[in-house]
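Take a look at the structures below.
You will see subunit A twice below: alongside subunit B first, and alongside subunit C after that.
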Partner chain A sequence: MSSYQTTNGTSPASKPGRYRRFDPNSKVLIGPLLITPIQILLLVLLVFPFMLEFFVSLTEWQPIYGDIWTALGQVFTEPIYQGINYNYLVTDEPRYLSALGRTLSISVLSLCLEFLIGLGMATIFLKSFYGKRIFFTALLTPMMIMPVVVGYTWYMLFQYNGPINQVIGWISGDAAGSGGVEWLNSATPAFFAVVVTEVWHWTPLFFLILLSGLNSIPANPLRAATVLGASNAKIFWTIMLPNMKGVIIIAFVIRGMEVIKLFDEVVLLTKGGPGTSTETISVYLYKLAFLDFRIAYAGAAAFIVLIITVVLINLMLKPIRYQLLEAR
Partner chain B sequence: MSNIKLEIINLRKEYGDLVAVDDLSLSVEQGETMALLGPSGCGKSTTLNMIVGLEQPTSGDILIDGKSVINTPSGKRNVGLVFQDYAVFTNMTVEKNLAYGLRVRKEPKDKIASEVLRVADFMCLSDKIDRKPSELSASELQRVAIGRTLVTNPDILLLDEPLSNLEADDRNRMRRELRSIQAETGQTVIYVTHDQIEALSLAHRIAVMNFGHLMQYDTAENVYQHPQNKFVGSFLGNPPMNFVKGVLRKEGDRIFIQNGDSSLPVPTDIGSKIENNSGLIAGFRPETLTVTSNEEDFSFSAEVLAVEPQGPESVVTAKFGDTQVKVVVPSESESATDGNKLNLMPNFDLLALFDPDSGMRLMKHGG
Partner chain C sequence: MPGQKFTWYNGIGLLLALIFALFPVLWMLSTSFKPSDEWVKVPAVWVSGKPTIDNYLTVLAPEVLLEDRGGLDQYDEDGNLKQRSDESSGGGAQGAIADFLTKSAWQSIYGSLILASGGTALSIIVSLMAALAIARYRFGGNFTPFFILSARMFPPAAIAVPFVIMFSDVGASDTYWGLILVYAAVTVPFATWMLKSFIDDLPQEIEEAAMMDGMSRWKAHLFVTIPLIKGGLVATTLFIFILNWSEFLFALVLTYNKVSSIPVQMAKYFSATEGLLYGAQAALATVSIIPLVIIGFLIQKHLVRGLTLGAIKR
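Right, the complex of A and B next:
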C-alpha cells in the first residue's frame, strides 16, 4: 500500500508490520504534502515562463521569425546575440531611459503627495467631527473606481474646454475658451495632469493605511506624553510618527510597486503624449511589445524594470526587515 | 491649612446619562500617600484622569497648592502619572524616556543629562540606560515609567494600578520599592487600585469609592476597622466582614439581635441607644471573633458547615440563624470540625451596626 516512512516511532500507527501505515500526525510529511501542489503550480505558471522570457530577452526573436525554440538555441550557439538588447537599451535608447526616469519621478512625486495628503486627512480623522462617516465613505471611493474610468474622467476634466480650465477662468477672470492651459497637449502640464490623476486615485489608500496605523498606536503613551507637558505637535513628531514607521513603509511599498506599473490612466489621458512626454515605462513596453511586436526587446526592458523594482522595494523594506522577519 | 496639597471639591463627571463620579470631595496633605480604592467601574480612574487633566469634570473644582487647576492644561499642572501598562515610549531608549519630560519643557541640556543620571541611579536603571523598552522586564519598565515622571519633579505623583501587571514576586518587591521611593522623596502620592491589600499596605489614607460615590475617606486603619457602611466592610478584608441581618430585641437587661432562632448579644451601651424592634444589620470581621469553650454572657453559638485550612489559620464557615458567618481560627483549633457547635465571642469595640435600608453605619465610630 504505502511506503511512507514516519519518523514518529512512538506512534501506535507505526508499529512494525508488513506495511507501514500512513501516520496522519507525522509532521515530516504533512508540510511538504500540503505545499507541493501549489509549488508545482507556481513552477508551471511563474518560474517556467519567467525563465523562458529571460532567455528570449537575450535574443532578437520576434513572432514573425517563427519557432521560439530555435531562437532560444541561438542564445547558446551564437554568442553575438547574448545581451544585445540590454546593451542597446542602456546605451543607445534615450526613449527607454527617459521613460524609466519619468516613471520614477512620477512615482516619487505622486507617492510623496499621496503620503502627505493621506497623513493630513488621517490626522483630521483622529478627532470626531460632524459628518465624519459620510466623509470617510466619500474619501475612500476614488480607489474603488476602475483605473480606466478614473483616466477617462480626468481626460474629460482636463479638456481645453473642460471644467478645470473653466474654474481657472473664473478665478483669473479670463473668458471661457481663452487663456486656459493645454493640459493634455503640452509636455509639462500633461506630466502634472498624470500626477494629479494618480494622486486623486490613490491618496485614499494611503489615507486608509495611515489612519489604521494612527489608530493602532496605543493611547497611553500619548496620554503620558500629554501629562509630561508635550504639545500635540511634539507628540506627533516624537511618538506618533516613529510608531508609524512600519505602516508608512508598508504603504510606500504597496503603492510603490503599483505606481511603477502606471498604465491605464496615462493611456486614457495622453497615450504617452504629446510625443513621448508622458510615456511611462509600462506604456513604452506596451507599444514595444504589442504594437511593434519586438517581444525579446520588450522582455529585456521589462527585466531591467523588474530588477530596479526589486532592489528599490527591498531598500525600502530594509528599516523594518528585522522586525518583519523576527520569529514570534 | 497650608500643607494641603490637593483638594477636590464637589467633583462630578457625567458621560451622557452615566454619572461616573458624583459629588466627590476630599483633600490630600503634602507628603501623604492616598489610595483610591474601589471595584472596577467605580470612578476611581476617572477621578485620576480629572486630577491630571486628561478629562474635564462636568462640575466641581480641583485645587493643587490652593490654586484651581481646572483650566490648566494637563502638561502644565506639574503632576506625574504612571499608567497601569507603563506606557513607556517604545521607540526611545531608557535614557530618552527619562529625559522626555524635561526635553519637552526645553530645560538646558546639561541639566537634563544630570537629572536623568540622578533618577536612573535612584531607580536602579543606570546600567540599562541605552536599552530599548523591548529588552526590559515588566518591573524595569515600571521603574522607567516612574522615573520618567520623577525627573519632572511633580507636585503629585499619581499611579494607576501600579502593581497589577506584575508577577507576584515583582509585585512584593515593587510594593517595598514604592514605599521607599515615597519615603525618600517625600512625594505626595495617589494610588488608584482595586486591590485592598495594596491600598492597606501602601497608603496612609484610603478613599473607598463605589458607583462614583465616595463611601469612606479615612486612615487605612479606620477604613478597615471601622467601616462607615456595609460596602466598605464587604469590600475590604479577606474573607470580608460578616453581616447578620436581624431585629433588635430588648428583654429585661438583655439586648440582642434576633435572626431566626439565633440571637447575637449586644452590649447595653451600644444597644440602649437603639429603639426596640428596629431592624438592623450587625457587621463584624471574621478575625474579631474568638472561640470560647463555654457559653459566656455575650457569646453566641453557630454550627460549623465547612473548614478551609489556610496555613496557620483556618477559615470556618458557620451557620448562624438563616445566614452564614466566617470565622478565622487558629488551624490547631480542635472545635472547628464539621457539624460542631462553636461558641463565638465578638470584639464589641469592632462591632458595627448598619441601617438595613441605606447600609450606612448607625453610630459613627467613637460616637
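Right, the complex of A and C next:
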C-alpha cells in the first residue's frame, strides 16, 4: 500500500492548503489561457502603438533628426517640447478641422442615402417575383469588391470623357459632350463623387441588414392591419419602422464605424483633391505623415483623431452593446 | 408590403438598382478588354469593337507582349534601367506600360496570397481561442469583447505613424511576417465576434456531455465544439480572407519593394501613370476581384452576420 491510497481517495492536488499543481484543464485557468494570445497580439499592435504615438506627438521629431528614442527621452528632460504640436494644431491648422468636418459630412450624407436606397430595395424584395434570387445576388456585388478597385472604377466613370458625362449629355440633349461636369477637378462635384462612390459600395450592406429586419417582423400584426384596411404608409410607419428600430441602429453604427475611416476609395478617386476639397481625415493624416514626413506633428493630429473616434464609436455602440453581447 | 403584388414601379426601382449596382463592374470589365486607343476616346467607347487581351498580358505576362515590340527593357540587379529597348515605341500610355514591365503584377499577386492567407490563419487561430474564452467562460466580462473590438475602431491612417516607427526599429517593415501580424491584428475583432456568435448558437450541453464521458475541457473544445461549428468556421475564414485581401493602408506604408500586395500595386500604377493606364489597371482589378466575388457568393448567407459582428444572424 502506497501512501497515496491512505488519503481517502482525494488527490493531493485538491487538498486545501497544499501546493496546487498547475492544471491547464481547470475551469479557472482555461479562460485566461485561451485569451492570452489575442491579448498579447493586441498589446503589441494596439496598446503599445497607441502609447508610442502619444509620446511621439510630444516631440518635434522628424526622420532627418535621427534616432527617435533620444527624441522620446527629451520629452521627459526638456518639458519645453510638450504640447507644442497640439497648440499649433488647434490654432493654426484650418485644414485639419475642415478635414474633420468633411469626414463627418461625407459620413452623414452617405449613410442617410445608403439607408434610404437600401430600405427601398429591401421593400421590393419582400414581394415575390421572377428571378428574385439572382437579382438579390447581383445587388450584393458592390459590397464584395475591394475599396481600392471601387475607387479606381469610379475614377474611370467620373472622367470628363467618361460614361457618366456622356449619359448626362444624352439626357440634356447635348450629345456633343461639351456641357459635361468636371467631376474630379472641381470642389463640389468631387465631394459628391466621393459620396456616390461610398453609397455605391455600401448600400448593399444596408439592403441586407434592413431586409433581414423586415423579414423578422411578426406576421400577425401585419395581417391584422391589412385586413382592417390600413394604408401601406400607415403600416410602414406604425408597425414596420418601430419593429426595425434595433436593426436600423445596428446598421448605422456598424457602417458609421467604418465610414469615418474612409481612405482607400478617396485616394484612388481624387487623392483628396482638387486642392484639399475631398480630404477626409484619414487622407489628411496620411499626407501629413508620409508625404510631408512631419511625423511628430502627424502623431499629434492622429492622437486626437484616435481619441475622437474611440469616444464617438463607443457612444454609438452604447445603444446596441447589450444586443451585441447577448445576440442569440 | 409583404404578400402584395409586384407592381410596375417596383420593376422600375429594381431595374434602376440593378443598373446602379452592376454598371461600374461591367464598365471595368469592358475597359479591361479595350485596346489602348479606346481608353479615353470621345465619345466614350462602351463595348470595344475589337476586344483584345493585351491589357491582361501587360499585367500578367509582359514578356509575351513585348516580344512583338522589340524585346524587353534591360535592367540591372537593383532594378535600375540600363537600356530602354525601343524608345520610339514608348511615349504616352505605352511608355508607362514599359516602366512596369520588369515588375509584373505577379509579385503583388503572390504577395497578396501570402499576406492574406497568413494573416487569415493567424487571425482565425487566435480569434477562435478568444471566442471560446468569451462565449464559454465569459472571460473578462463585458470589457474584453469591446477591448478586442477597439482594434477595429482605430482608423489605420491615425495609427500608422507608430507602426512605421516600431516596424523599422525591429526590422519588420517590408517583410511578410510583419505585415501578417498587422493583418491579423486588424481582423481579429471581426473574427472573434463572428466566431463567438457561432459558438453562442451551439448549446453548451453538448460539450458538457463530452466532458462527462471523460474528455478534458481542451479535448471537448477541440473534438466537439470546433467540428460542430465547422460551417461557421469556414465562413469566418473566408470572410476574414476578403478583409485581408482588401487591406490597403498598412500594406502601403509598411512595404517598400520586396513585399507588395494587389491594392498597393493598383495604387502604384495609378500614381506612376496619373491614372492613365486604364486598360491595364482594369485588367488587374478584374483579376483581383475574381476570388473575392466567388468567396462572397459562397458565404453570402453569412456575410451579414460577419459584417454586423454577429448581431444579425441572417
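Methods note: the second predicted complex is superposed on the first by the 281 of 328 C-alpha atoms of A that agree within 3 Å, B and C clash if a C-alpha of one lies under 4 Å from a C-alpha of the other, contacts with A are read in each partner's own complex, and residues count from 1 in each chain.
Simple rule for what comes next: a residue touches a chain if its C-beta (ideal position, glycine included) is under 8 Å from a C-beta of that chain, and two chains touch if they have at least 3 such contacts.
Note that the structure is a prediction, hence the values are computed from the model and not measured.
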Look at A:Leu58 in the shared chain and tell me whether it touches subunit B only, subunit C only, both, or neither; answer first, second, both or neither.
neither
First, second, both or neither for A:Tyr286, with subunit B first and subunit C second:
second
Larger contact residue set on subunit A - subunit B or subunit C
C
Just to be sure I read the superposition right, which of the two partners does A:Gln159 touch: subunit B = first, subunit C = second, or both, or neither?
second
Examine A:Lys234 and indicate which partner it touches, taking first as subunit B and second as subunit C; both and neither are also allowed.
first
In the superposed arrangement, which partner chain does A:Ala193 touch: subunit B (first), subunit C (second), both, or neither?
neither
Is A:Thr226 in contact with subunit B, with subunit C, with both, or with neither (first, second, both, neither)?
both
Kindly classify A:Val149 by the partners it touches after superposition: subunit B alone (first), subunit C alone (second), both, or neither?
second
May I ask you to decide whether A:Leu208 touches subunit B, subunit C, both, or neither, giving the answer as first, second, both or neither?
second
For A:Ile248, select first, second, both or neither according to whether it touches subunit B, subunit C, the two together, or no partner.
neither
Looking at subunit A, which of its residues have contacts with both subunit B and subunit C?
226
Which bits of subunit A are touching subunit C when the two form their complex?
24-25, 27, 30-32, 34-35, 37-38, 41-42, 44-46, 48-50, 52-53, 56, 68, 117, 120-121, 123-124, 126-129, 135, 137-150, 152-157, 159, 161-163, 166, 175, 177, 200, 203-205, 208-209, 212-214, 219, 222, 226, 232, 235-236, 247, 250-251, 254, 257, 260-261, 263-264, 267-268, 281-283, 285-286, 289-290, 295, 298-299, 302-303, 305-306, 309-310, 313-314, 317, 320-321, 323-325, 327-328
Would you mind writing out the residues of subunit A in touch with subunit B in their complex?
218, 220-221, 223-231, 234, 238-239, 242-243, 245
Would you pull the subunit C residues touching subunit A in the complex into a rising list?
1-6, 10, 13-14, 17-18, 20-22, 24-25, 27-28, 31, 40-44, 46, 125-127, 129-130, 132-134, 137-140, 142, 144-166, 169, 181-182, 184-185, 188, 192-193, 197, 200-201, 216-218, 242, 245-246, 248-249, 253, 262-263, 266-267, 270, 275, 278, 281-282, 285, 288-289, 292-293, 295-297, 300, 303-304, 307-314
Under the touch definition given earlier, write down the residues of subunit B that touch subunit A in their complex.
52-54, 74-76, 79-81, 83, 85, 87-92, 100-101, 104-105, 145, 148-149, 152
